[in-house]
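After this come two complexes, each holding chain A, first together with chain B and then together with chain C.
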Partner chain A sequence: MKQWWQHGSLWVWFSASALLCTLLLFIALISLIVGKGLQHHWPADLITFQVQTAEGGRATVMGQLIKQEPGNHYTTDNQSEIDPSLNTAQQLLIDQGDTWFMPSQGATARYIWLDDGNVLQRSKPADAIRLDMHDGRVLFGVLQSSDAEPAIVDTQQTAIDLPGEPWLLLHANGQEIQVDTGDVKRYHFPNSLNGLQKSLLFLKQWWWFLTEDPHHQSTAGGVFPAIFGTMVMVLLMSVIVTPFGVLAAIYLHEYAGKSWLTQVVRVSVYNLAGIPSVVMGLFGLAFFVYVLGGQLDQLFYADQLPAPTYGTPGLFWASLTLALLTLPVVIVATEEGLAQLPMSQRLGSYALGATQTETIWRIVAPQAAPAMMTGLILAVARAAGEVAPLMLVGVVKSAPQLPIDGEFPYVHLERQFMHLGYHLYDVGFQSANTEHAMSLSFAVALVLLMLIVLLNLSAFMLRQHLRRKYKLVQTSMEGV
Partner chain B sequence: MMLSSFTGRQWIDRIARWCVSAVGYSVMLALAMIFIFLLLQVAPLFSKASITPLAKEDTVASSFRLLGSVVDDAENSTRQAQHALKLHRPVDFVLSTADTLFLLERDGRYRWLSHQGTDSRRLLSSGQLDIAEITAATMSPTGQTLLVASVDGRIHPYTLLHQELIAMQPIATSGTQIQQLLVQASTRSVVSLDDSDTIRLFHIASGRELAHYHWDKHPNSLMQLSEDEQYLQLTAGTMRQVVKLHNPHPEASWRQLVRPVHYEGRRSADYVWQSSTVSDNTEAKLSLVPLTIGTLKAAWYAMLFATPLAIFAAAYTAFFAPVSWRYRIKAVMEVLESLPTVILGFLAAFLLAPWLELHLLLFLGSLIIVPVTIMLGSCGWFYWRKKQQYGTDQPSWWLVLLSLLTGVVLTTMLVSNAETYLFHGDFLSWLANRGIDYQQRNSLIIGIAMGIAVIPTIFSLTDEAIYHVPTSLTQGVIALGASRWQALSTLILPVAAPGILAACLLGLGRALGETMILLMATGNTPLLGFDPFQGMRTLTATLAIEAPEASLESAHFRVLVLAALLLMILTFVVNTLVTLLRQRLRHRYLQL
Partner chain C sequence: MTTSGTKIKINNLSLWLQNQAIIKAVTMAIPTQQVTALIGPSGCGKSSLLRCMNRMNELLTDSRIEGDILLDDKTVYGKKIDVSRLRCRVGMVFQKPNPFPKSIYENVAFGLRLQGEKNRRVLDDRVETSLKQAALWGEVKHRLHDSALNLSSGQQQRLVIARAIALQPEVLLLDEPASALDPISTLKIEELIYELKSNYTIVIVTHNMQQAARVSDYTAFMNAGELIEWGETHTIFTQPLHQQTEDYITGRFG
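Here is the complex of A and B:
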């Protein structure tokens, strides 16, 4: 025992399990987001449940099975005293589509819990239809009227432009709903789709999700404005941050001598990377929006006062704030690239009679370009994932207009915009219909995650490639 | 020709140098400006209040309306009260607000009545104040605060709460007898006029003297406030003097920001953050203490979760794992580091929090059982390998994974039984019976979620520090017969210690400045104390929530800027320490 203790095998095991834990956590996290995010658009089967009610009667519920878990969600009226025997009963969460508009009868909640023990029979009727309405409602049921014969309707067809007789939809609770075909945005028969058709529909749903506007307090529709807003903001930020960051790095590394002052400045700039982003947001709000924006308004938009034009949070201020936030990232990465270039190359250039500017322009900058690129990508990745500062300087839940449109002057820097990260915060938090919002949030999170991971991985690859390349240069130089 | 082209190139060189330097300077300046600008925003918070006399002509020019005639008012209400209550003798002080009437005698006896309409009066309470002799009294227009001056020159504020008078901290003045008190309601301040004809302005809740002004030798003078409460008129006979009360931010001083303060409408002095008030009648309570404690608490639990995991994992990656693994693991960590915290916050708030509420015992149990299983696994493995005369340094990863999973499965089995038999089937209600309140969004959630955000930061730096220890050291020790762990613990960790410390500090810096996770998964209630099952409200989350709503010039906004400045300085100091430590480490490695 003592030998084992002294040898330290225990600690090796602990450190190995710490690593495994971390990696497992990471894998669980990513797979959770990916899994749940993808699930949101998967055309799930519509299942009809024959349920025994508490009074002994029978009821029918049709919908998508969201999840199944052992639990005590609806066991007894007394919450604190839970019968352990009931804990084993499976609970099913069913999405039965929107029912709020129906006259009183039946369950009014979209999501309901069923006790598995009460389910007498499950079936998947092939003619079950899912209707997505223009007003955001989702309806499940079976078509009754004659002119939309389920057998003939193309299951992949999704946009209806045939006006005609209103359809009669039989909902599972026995009510017949009249549906105007003009109100139907899309429909499909999930139970009669085969795997390939489902996959195609899945891809289509993703496409719609990425390209459509959100509606109904962001609980329905797509996320296009959020993606667009994020992109435009990040692009604008890059335009601002790149020249300043790169030139500042060149100044620090090539021009400013090696005095202690330079060292202090360098350390301070590096440390600015660690300043909480929300602090930068507050600075953006106080200085850019209130001070600069207020001044701009008084100078150029005095006729519109007191309605502020630039004196209110907006796209330009958000980009500027994030540029300030990511400036250290670009400076650090660029300086790293500059430092990796061997001094001998600069000396060689000088020896051939080149001035310092020519050396930097022709020799140093081109070789450090990938490092600058890396810095920019890292900055973009950070900016795309930041939410807290944006909450102060211009992001909104839903923007009526995109920051770029066909209206003169085409680019509207003063407009507020939507952002993927904030959209996730908003959808997750503000939405009343939590189950639905959860599922939607995962889809949004997946989009955001993909964006960030792609950006970061490319930066990582670029940097690794760069390091290897310069290692080669250095070793070959040493060989000489 | 040669010469001119040469000078041309030189010019270009020079201009380029100027331009680049100019950009470099401007960037540095801009970054320095952030700090200066924020400081300038905070500074007015601590500017002094003042009482300045207005010249005669200004008085005439500044047309302000007085808040009625004090003398008439008092006499009127006294007469009214006497009439209505059929009092037999005059009452010394009659204080009235919109719906209450407070009758006070010089010896401290009081009667407190509510009056709705003109003649329906009801006695709310009566009693005796613990004051020997009262020289002056007044009441705030909202009727929430009663101020009484005693004969020794002190002002005793009382807050009226549920028909009860609660004494607040007495305000010590110069000791001269006070003739008259007036409440400046908008700033929660009181103006006193004493026998030495000095006007003093106090903030009621904190008892701080804000400013004073001496009016020369005019006995029996009277004060009147203007309607906007900006001016004060002093009259003594025919003499008249108007002074301006400049009282910009009475609700914020160091004392109020960091000490417990007894606010009106509360039972005792406390640290309160309540910036956005329900109505104008309640004052903003701006104590930074609960927020700072929230920030520290969140960072503490995150570090508690992240530090052991990250350091152990990094030690394994840098020292035990094959080099080919190291790059892959580092890539994974890099991705993990860049994970937007809003995603982590979302997962923590909507998945982890409900899950942990159901499986709290499982989580707590696994904290004990899993390490024990790993310990047993390691022990068994060690003696098995020894018996077989294999090397005993490196367990294969799947063995470790196996014991880890065994631990988890074991915990699941044990916990469901334990919960049924030990805790009557429900751990949370068992806790609740013992007075432990479990909030769904609590510090454990934050510890895990923010821990995940911080792990990669600590991991990367620790890994670098351990990996770059010169190999000659390790080889030497191992050649002398030490196991790899012994080499690590006795030699490498001490050498790399500054680097590991730097890693932890950097992680701490990140935890202090994190916003979205805290915004989403803490519940955002400003609480004191370090209870793991309770939430918190942090500085960063408060900034994110409240800054867009605070108006630019208000004390609230300035206090928020102060909080931001505090965070900025804190992280700056932490990061500077990190840089210094890392430099020292590099120096040490060069020496070795």
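Here is the complex of A and C:
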């Protein structure tokens, strides 16, 4: 032990295991989100369970098998007392599809637990159908009367006019209901699909998820407005934060000299990064929205008062708040880049008659561009994941319009917008239906992660391009 | 060798960097269109004296001077002096080649572009003549738009000289221009200096005695911030007035 200590190998082990733990946690996180997120859109089979009821009779339950786990579930009426004999049996969680619209069913009846010991028989009827309704309902069941084609049908895309006769559906929970064919958006028969068809449908469902509007309080439909809102906000934030941060860093590093005042300013800027983001959001609301926005309204939109135009949370203020939040990151990174540039480059420029300003803009700034991009990459990574401040300055659960559309003046910076981070919070914790919400949350989380990766990747590529262009000259100061 | 006049006059010049006396009361003259070599042990202030002539010291640290430097009989330290203009007239090349991460063409055109020259033909012309004068044209004429960083360091140093020449300066200050180069590149630079002196007044810092003897017409020997003696290279090398000059030249000191 003592020898270990002396050789320092203990420290090697310590640090190695710390790294290993970090890696494992990271891998666990990624695989959880990717696995669960992808699962959400996998066209699962519809299974029919023959169950023995408590009274000794038989019942039929149909639905998607969500998960299967041992013990302790409250299948009996007495929820406080758990029968130990039950604990060994597997418990199955079944999704029966939406039931809330049926008079005799509660909203929670969509998911039910089954005791595996009571299941007598499982089967996958080929004619089991999944219906996606225009109003967001998802129905499972077997059609009793219809001429539905046994295929994946997307009535929006294929524009097939479904026959007007209402279908009679035996719903998964055993009730018969009438389905107006005009309400059906899409349907398919999951059990009759082969692997390839399933994969195709999986991709299609993802595509729909990415490109469609959410409906039914975000529990159904897609997340397109949230993706769009996040993208536009992050891009707008980049457009604001880059020039400000770069100019501030250039001033600090090139012009300001080395007085104690500069040092104080520098330290304060660096510490700006430590301000909790929600405090920033509050500042954004109090200052940007009410003060600046209020002034703007009085100056330019006086005719619309008292209805506020800019004096209310919106996209522009959200971007501005995030820009303020990420400003220190850009400043620090840019200053580091400026400091790395060898003195000989500056002197070479001065020796040719360049002024300080010419030297900065023609020699120094271009070569510090990759460092500025590094700052931007970090800023984007931070901004895309922020939610707390946004709730105060412009993000909403559901926005009726996109911030960019075909209506003059096309870009509406004053509009409220949707955001993936907030959407995740909204679908995950605001809906009554926890199982469905969790699964949906993971899908949204996956989209958010992918979006951040995409944004970072593009900034990264841009930086590589700049690096190639301005290959940093590695000469030292000696011999100047 | 004839002296056609004095280009730069250094009058009782003293320099302090960060309140340290670096150059002490130096008085000497740089003859027009001749090569003047500054020699002396390292740290004696050769580079600092050179930087006084195009006012580069003030960029590096806080500096203070006393005395004066006259370029064509006019002070370079006056309040109304346009330092950029001065540096265009007095070009400088550093010990280590410092090309900009731009194309060969843009490196040479950099100074002209600063002066607002936009005419493509003028730029093309000047780039070509400068590269020719710097004996680099033949090697790079087919790849003018390649990055300058892909050149060898010998080529880079000639490029940097071409970059300085492109401004058609009157004086060229060379601070150990060949000390980071291999012997063949060094030879090329020496030949180049020989070619250039018909058009430019050249001041070169070197600590290679043979080089000083080969390329220069005049030599100044400095030690510890003081100018010990200066005069025609031939005289300095054969009949130095001071013992320490002789010691340094013969390699017994330094």
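Note that in this section the second predicted complex is superposed on the first by the 399 of 480 C-alpha atoms of A that agree within 3 Å, B and C clash if a C-alpha of one lies under 4 Å from a C-alpha of the other, contacts with A are read in each partner's own complex, and residues count from 1 in each chain.
One rule holds in what follows: a contact is a pair of C-beta atoms (placed from the backbone, for glycine too) under 8 Å apart; a residue touches a chain by one contact, two chains touch by 3 or more.
Only a predicted model underlies this, so the values are computations on that prediction, with no experimental measurement involved.
Participant: When the two structures are laid over each other on chain A, which of chain B and chain C touches more residues of chain A?
Facilitator: Ranking chain B and chain C by residues of chain A touched puts B first.
Participant: If we overlay the two complexes on their shared chain A, which of chain B and chain C does A:Leu261 touch? Say first, second, both or neither.
Facilitator: neither
Participant: Would you check which partner chain A:Gln367 touches, where first means chain B only, second means chain C only, and both and neither mean what they say?
Facilitator: It touches chain C, and chain B stays clear.
Participant: Which partner chains sit in contact with A:Leu120 here, chain B, chain C, both or neither? Use first/second/both/neither.
Facilitator: neither
Participant: In the superposed arrangement, does A:Glu358 touch chain B (first), chain C (second), both or neither?
Facilitator: both
Participant: For A:Leu347 in the superposed arrangement: first (chain B), second (chain C), both or neither?
Facilitator: Touch status of A:Leu347: second partner only.
Participant: Going by the contact rule set out at the top, does A:Ala28 touch chain B (first), chain C (second), both, or neither?
Facilitator: After superposing on A, A:Ala28 lies clear of both chain B and chain C.
Participant: Between chain B (first) and chain C (second), which does A:Val411 come into contact with in this model arrangement: first, second, both, or neither?
Facilitator: Touch status of A:Val411: no partner.
Participant: Based on the superposed arrangement, let me know which partner A:Leu203 touches: chain B (first), chain C (second), both, or neither?
Facilitator: Once the two structures are laid over each other on A, A:Leu203 reaches no partner at all.
Participant: Identify the overlap between the chain B-contacting and the chain C-contacting residues of chain A.
Facilitator: Dual-contact residues (chain A): 355, 358.
Participant: Name, in rising order, each residue of chain A that touches chain C in their complex.
Facilitator: Contacts found on chain A: 342-355, 358, 362-363, 366-367, 469-473, 475, 478-480.
Participant: Note which residues of chain B are touching chain A in the complex, please.
Facilitator: It is residues 9-10, 12-13, 16-17, 19-21, 23-28, 30-31, 34, 37-38, 41, 308-313, 315-317, 320-321, 327, 329, 331-332, 334-336, 338-343, 345-347, 349-351, 358, 370-371, 374-375, 377-379, 381-383, 386, 392-395, 397, 400-401, 403-404, 420, 425-426, 429, 452, 455, 459, 483-486, 488-489, 506, 509-510, 512-516, 519-520, 540, 543-544, 547-548, 552, 557, 560-561, 564-565, 567-568, 571-572, 574-576, 579 of chain B that touch chain A.
Participant: Which bits of chain C are touching chain A when the two form their complex?
Facilitator: 47, 54, 56, 59-60, 84-85, 87-88, 91-92, 94-96, 98-101, 110-111, 114-115, 147, 149, 160, 163-164, 167, 175-176, 179-180
Participant: Considering the complex alone, what residue numbers of chain A touch chain B?
Facilitator: By the definition above, chain A touches chain B via 1, 3-4, 6-23, 25-26, 29, 32-33, 71, 80, 82, 84, 243-245, 247-248, 250-252, 254-256, 265, 267-283, 285-287, 290, 313, 324, 327, 331, 355-358, 360-361, 381-382, 384-388, 391-392, 421-422, 424-425, 428-429, 434, 438, 441, 445, 448-449, 452-453, 455-457, 460, 464.
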